[in-house]
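What follows is a pair of complexes built around chain A, which joins chain B in one and chain C in the other.
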Partner chain A sequence: MKANVHVMLKDGVLDPQGEAIRHALGSMGHTGVNGVRQGKVIALDLADGTSEDQIRAMCEGLLANTVIESYRIEVL
Partner chain B sequence: MRAAVIVFPGSNCDRDMAVALRAAGADVTMVWHKDAEIGNVDLVAVPGGFSFGDYLRCGAIAAQSPVCGALRRHVDRGGYALGVCNGFQVLTETGLLPGALMRNAGLKFVCRSVALTVATADSAFTRGYAAGESIALPVAHHDGAYTADDATLAHLRDTDLIAFTYGSNFNGSRADIAGVLSENRRVLGMMPHPERAVDAATGSTAGVALFQGLVRQLADA
Partner chain C sequence: MKANVHVMLKDGVLDPQGEAIRHALGSMGHTGVNGVRQGKVIALDLADGTSEDQIRAMCEGLLANTVIESYRIEVL
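Right, the complex of A and B next:
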């Protein structure tokens, strides 16, 4: 089985890289980009039957820093 | 006073840390990240560098290494720990210190000497300085913007756990924070490098008081 973990900075945590991307899009002439948040996707190739609880433990323990990041598990 | 310096793949301030501790009178051993035991020491130092290539997040992989289990046990039994730069990132990733270090607000790696204020002299690490004293130490980091939620920041302020603040906030740290202490004041994490300021030949001796104060207090203990 495969699962994707989407890791994003929590709302309210300043994202200077997202801000830099927003500025760059503006300078390319793309108007109306009101905000950009940058995150990452971690693609997991897992043994069949891996529980969502186990994936959540991976997220809490390593994949996301829950002080500043939120995560979303997408089982494919 | 006995100290151990952890070495991760990618550590690059480990030997400077050992030199600084030895110069202050400590008996120093180096501990490899795969070692599950640190031994009986007074202080564990987590050095700067780019442990595990800063993969995933700075310090995140290092925080899962066997030696960090030993570090956690050392701290749990009241041992002292000092994390500098990447070492500070490791200490936040292990949860031994509150908050997190994020990409600098200006998105640039900053490598220069910066002005700091010693925010508290009430710790083994800062007892060699006066509270409110201004010092200059080198910084060299890309991910040094200290971040914590409002409640954590208020708690740090209220309980005098902010050790150092920046004179000029160049990296976007909340509350200008350059270094914080643990609840029991025995763990310090800081982005500036005191171990790079212990010899006049390399430009500054502003870090000497930190190591001497620490060695003196732990030698007395």
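Right, the complex of A and C next:
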């Protein structure tokens, strides 16, 4: 089975990488970019029958820093 | 309007970061993780009426390195 974990910085946490992208897009002439946030997507190829609880344990333990990041699990 | 751009390394391109995650998950006792690939998700807050062609131009010009990365645009 496959699952994707999307990890984004929580609202209110400064995202300098996203700001840099926004600035660069503006410099390239792309107007109308009001905001950019960058996150991670981690594509997992898992043994069949892996429970969502197990994936959540991976997120809490390693994949996301839950102090500043939120995550979303998408089982495909 | 909001759009997400998902950027992943193409198949066959070595992903050391994904490998490191796979190894770390194994060390933590999470068995059954057969493969991990890490990618980026870029959340764009755009002016209303921005066309998908314009977003594609941002991807080709800055957000993705199309030699080794593929991207997917998701308009929300």
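The definition used in the following text is that the second predicted complex is superposed on the first by the 76 of 76 C-alpha atoms of A that agree within 3 Å, B and C clash if a C-alpha of one lies under 4 Å from a C-alpha of the other, contacts with A are read in each partner's own complex, and residues count from 1 in each chain.
As a convention for this text, a contact is a pair of C-beta atoms (placed from the backbone, for glycine too) under 8 Å apart; a residue touches a chain by one contact, two chains touch by 3 or more.
Remember, predicted model here, so these are calculated numbers, not experimental data.
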*Could you look at A:31 and tell me whether it touches chain B, chain C, both or neither (first, second, both, neither)?*
second
*Which of the two, chain B or chain C, is in touch with more residues of chain A?*
C
*Determine, under the contact definition given at the top, whether A:3 touches first (chain B), second (chain C), both, or neither.*
neither
*Just chain B (first), just chain C (second), both, or neither: which does A:73 touch?*
neither
*Touching A:50, do we find chain B (first), chain C (second), both, or neither?*
second
*Which partner does A:20 reach: the first (chain B), the second (chain C), both, or neither?*
first
*asked:* Let me test your reading of the model: by the given contact rule, A:63 touches which partner, first (chain B), second (chain C), both or neither?
replied: both
*Doubly contacted residues of chain A, that is, touched by chain B and again by chain C*: 61-63
*Would you pull the chain A residues touching chain B in the complex into a rising list?*
13-14, 16-17, 20, 61-63, 65, 67-68
*asked:* For the complex, give me every residue of chain C touching chain A.
replied: 6, 8, 18, 21, 24-25, 28, 30-47, 50, 54, 57-58, 61-63
*Inside the complex, what are the residues of chain B that reach chain A?*
56-57, 60, 64, 92-93, 98-100, 102-107, 145, 147-149, 172
